[in-house]
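To start, I am sharing the structure in question, which I have written as structure tokens.
Note that the chains take the letters A, B, C and D in the order they are written out, and that residue 1 is the start of every chain.
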Amino acid sequence: MTDHPPPAAGFVLTLACADRPGIVAGVSRALAEAGGDIRGAQQFGDEDTGRFFMRVVATLPPDGEAAVRAALGTLGAEFGMRWRLSARGTPRRVLLLASRFDHCLADLLYRWRTGELRIEPVGVVSNHPRGSYPALDFGSVPFHHLPVGADNRAEQEAAVWRLFQDSGAEFAVLARYMQVLSDDLSAKLAGRCINIHHSFLPGFKGARPYHQAHARGVKLIGATAHFVTADLDEGPIIEQDVERISHADSPADLIRKGRDIERRVLAQAVRMFCEDRILLDGVRTVVFGD
Amino acid sequence: MTDHPPPAAGFVLTLACADRPGIVAGVSRALAEAGGDIRGAQQFGDEDTGRFFMRVVATLPPDGEAAVRAALGTLGAEFGMRWRLSARGTPRRVLLLASRFDHCLADLLYRWRTGELRIEPVGVVSNHPRGSYPALDFGSVPFHHLPVGADNRAEQEAAVWRLFQDSGAEFAVLARYMQVLSDDLSAKLAGRCINIHHSFLPGFKGARPYHQAHARGVKLIGATAHFVTADLDEGPIIEQDVERISHADSPADLIRKGRDIERRVLAQAVRMFCEDRILLDGVRTVVFGD
Amino acid sequence: MTDHPPPAAGFVLTLACADRPGIVAGVSRALAEAGGDIRGAQQFGDEDTGRFFMRVVATLPPDGEAAVRAALGTLGAEFGMRWRLSARGTPRRVLLLASRFDHCLADLLYRWRTGELRIEPVGVVSNHPRGSYPALDFGSVPFHHLPVGADNRAEQEAAVWRLFQDSGAEFAVLARYMQVLSDDLSAKLAGRCINIHHSFLPGFKGARPYHQAHARGVKLIGATAHFVTADLDEGPIIEQDVERISHADSPADLIRKGRDIERRVLAQAVRMFCEDRILLDGVRTVVFGD
Amino acid sequence: MTDHPPPAAGFVLTLACADRPGIVAGVSRALAEAGGDIRGAQQFGDEDTGRFFMRVVATLPPDGEAAVRAALGTLGAEFGMRWRLSARGTPRRVLLLASRFDHCLADLLYRWRTGELRIEPVGVVSNHPRGSYPALDFGSVPFHHLPVGADNRAEQEAAVWRLFQDSGAEFAVLARYMQVLSDDLSAKLAGRCINIHHSFLPGFKGARPYHQAHARGVKLIGATAHFVTADLDEGPIIEQDVERISHADSPADLIRKGRDIERRVLAQAVRMFCEDRILLDGVRTVVFGD
């Protein structure tokens, strides 16, 4: 017998809807009536698109989650909201896709093992065989060699899609996966497939951006993490960063420096996704930072 | 006769209080009932200090401000809040203090003239005469030469304080004002006096930090904007930034590079203050970014 | 009567030529034989273009300069060098061109007055009248209002060119001068006219790059200083920098943040030019940093 | 039979000596007479310490290395030089020391495997057992568990020193090795032992710097790579970098963000060492960048 209440648990609530008065009041009342305590929150109304976005970190008593879900069901219908309530810190199931260059894949696996990224890899897909990654320890994560060529693209993508569904993946990461997804697969994965582009978009598109950067003589190179859309280089941007270079850097140096930026930018985008910080706003993203 | 309602005006509301459930719900209900529309907001509960902070940008109908003030009066008493509601974009009255080096002063004046900073300088105080600034155009801003020495410090500070009060200044900026304020004046200006420290605190304190940085052989130098407290180098930090240096940089080079960082960091801190983005949280600050 | 030799003076020597063995040996021997002492130097051979670049800071005795010039005359002919020897710290004569936005102009003038930039402005040219800059103090620098329209472009450019020559300008700076130079004037000013592009090239070209950046939803914006060529956005890049932005930044916020980057990037490029740190390498630049 | 000469090979020459005229001339003549071709070089004279530093990348014909070594033997004696000539790109033998946190160790091993860092790990030393690193694949690199306590410090350090010598290590890296080296071992490894300090020195010294940073409310955190000296926090600094943080970051967040900076800063310092870019200049370093 004890006087202490059962411990409150942490939740993250995100929502998006057309902007109009009363959204924050409605949501915060629903949380308060369920015994919730808001620990931090951010709201943003986009004057261009007329959309409103909200992210709340709150604690809820043991019976609070059901009450909040019920209230949000009503409120969500009234305001036409897309909302998501999830236990804070729950690992998000992810399917990782890679090709020959494995620095991003290795980095994500390392950050997963250290607990730095709250992901749960449910599979690694590559168009190269397992032997291409002698130094990588996939542990119990299933590896799928799905080679792809001009004649089997549709079948290979169908296999990827089946894997995504069967594994219960919540999102996919193209960790330097050097295949362009079809419009069909891009559409199926809309808003839940993150790509790392090895360039500071909209700077250098197409092949070999570091060689392009060297030829142009730029003084900074960068990388871009974005959601995949049918138009590969035009998906909503999640995160970008740059690194300073000089005349003395060869294309090989740029590629080496670029690897570091790519790792950092992709890991940051994945972390933002896992913490429910990214909300789609048309062709752009709202990213609620720390 | 017209169907259009009078235009809604923009307001910024900030508040701080001890953390407990219901704050956001109470505030957002007050805003909603007054016809307000939240355009953006941020909340943060500090688990260390047990304080809760909130900043809201909202539009209000013409009669909304009074209603919100009334509701916040009640709510504020209930929750023990410190709150502030102000029309968005209203210039904040500022008293600028400077000494021999005028790069920060010149920069603030320039950003005021371009409208980049929403400040209204109500006076410039210097312990050097007007003629020390031949290239600066103070326009209609009164210039006050208040020399200071060992024997008149109390009188000089009393004059500064009178100027602050008489001019209706809302805050003061020490734009490389090289005099240490007394504990008494620091206390009077608590939370409304911003200093730029020409070092990346807690790195190099005391005199000639760039010479110290050169002697130590560091690879980055920085600057720190903070609120003034009795202990000059220990006030709550608002903003910091750094710049890369190399072995080839002399102390003179560091001073030159430092000037740029100082300008940038101070201007950023002033802008954050004017936009009501800074809230005091004990010895630290909560800065709600863009 | 004294035993002390007359003081040695500082010089900067820069040179570029086709790469082949013996360049550094020849140049350093010439300096040593003239009694010079190398204080710092950098060399770079570009494997793509086959060009070799060198910058030396050296002290020379009073009669040393003539000796070095003679030796470099011979050596330069042998190696097909372009070289330049100049007293270190001599202000470089510059013609400043501006349009409506004066933040870059104001910044350059301020850095000139403080001695931070070793320039000597020999004139300010604007297509707007003097009254457009009420807060700017040009001191004794002549102001030239040279309006330009569809029907007088050639005449206006001829006037600019005459001013450049008559004033003895060594280089020109387009400090947000919003007119595209003709191919003819660009050619005349090749390698000695610096422009600030209000975008992170090759990112957003054309008009209103900050609006383009906002529409695309990028997470960093930047600016680019480059030499002017006939193709406005494609001149050799001297310096670039970026600033982080967020979904909450409006185009107006981007323009404000962009002003800061533009000032910083342009001032850095001008400083590099004045210190003879920039050497043209085809469509790229070699910039020998501090 | 062929017309082609045997291919020239790349070398890096570094040297340091008291500054006086003729050093560059002497060295470049020695290289030219041996058939060398300078591809890039940097020189720096420190006016504070009176020391001169030089780094040259040059190609040499097959018989050129012996000739250069002979000439530098003579020249080096004349000028009192410390010099080093090595084949460019030869992996440098390194002994890695780690404790419980393995993010830096994992990062170095990964960059070794990808060829990004030209190192050859000759051993991993830890005061924790092999089983502490289940996810790390050391391949053929010997692992040495050398536990240390109050009663066996001298013996453990003697074992480390024997390993260093027996393995032919050229340098050691303390990859978050949480033991303070004795003055004796520090002296033996002077100039060839790199430590990563999990703070932006001279900011937060001592234990738990990220907790100190959080308590102080700083807005940027950083890391510092430096050579080990008897005074742990005061060794010559090689590289530093920072990351932006906010009020919302807990100490745990700072530790996570700090890991990234530590990895990046340490890897950069190791790369600079392997490329012979770091020269000791008293309590500071000269680092000849790319």
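Keep this in mind: a residue touches a chain if its C-beta (ideal position, glycine included) is under 8 Å from a C-beta of that chain, and two chains touch if they have at least 3 such contacts.
Keep in mind it's a predicted model, so treat the numbers as computed, not measured.
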Between B-D and B-C, the pair joined by more C-beta contacts: B-D
Farthest chain relative to subunit A (centres taken as mean CA coordinates): C
Separation of subunit B from subunit D, taking each centre as the mean of its C-alpha atoms, in whole Å: 42
Euclidean distance of C-alpha centroids - subunit B vs subunit C, Å: 36
Overlap residues in subunit A, where contacts from two or more other chains coincide: 40, 44, 47, 246, 248, 289
Contact set on subunit A toward subunit B in their complex: 19-25, 28-29, 31-32, 35-45, 47, 289
Residues of subunit C defined as touching subunit B within the complex: 40, 103, 106, 110, 113-114, 116, 135, 137, 139, 245-246, 248-249, 253, 256, 259-260, 264, 289-290
Touching residues (chain side subunit C, partner subunit A) in the complex: 44, 46-47, 200-204, 215-220, 222, 236-242, 246-248, 250, 281, 283-287, 289
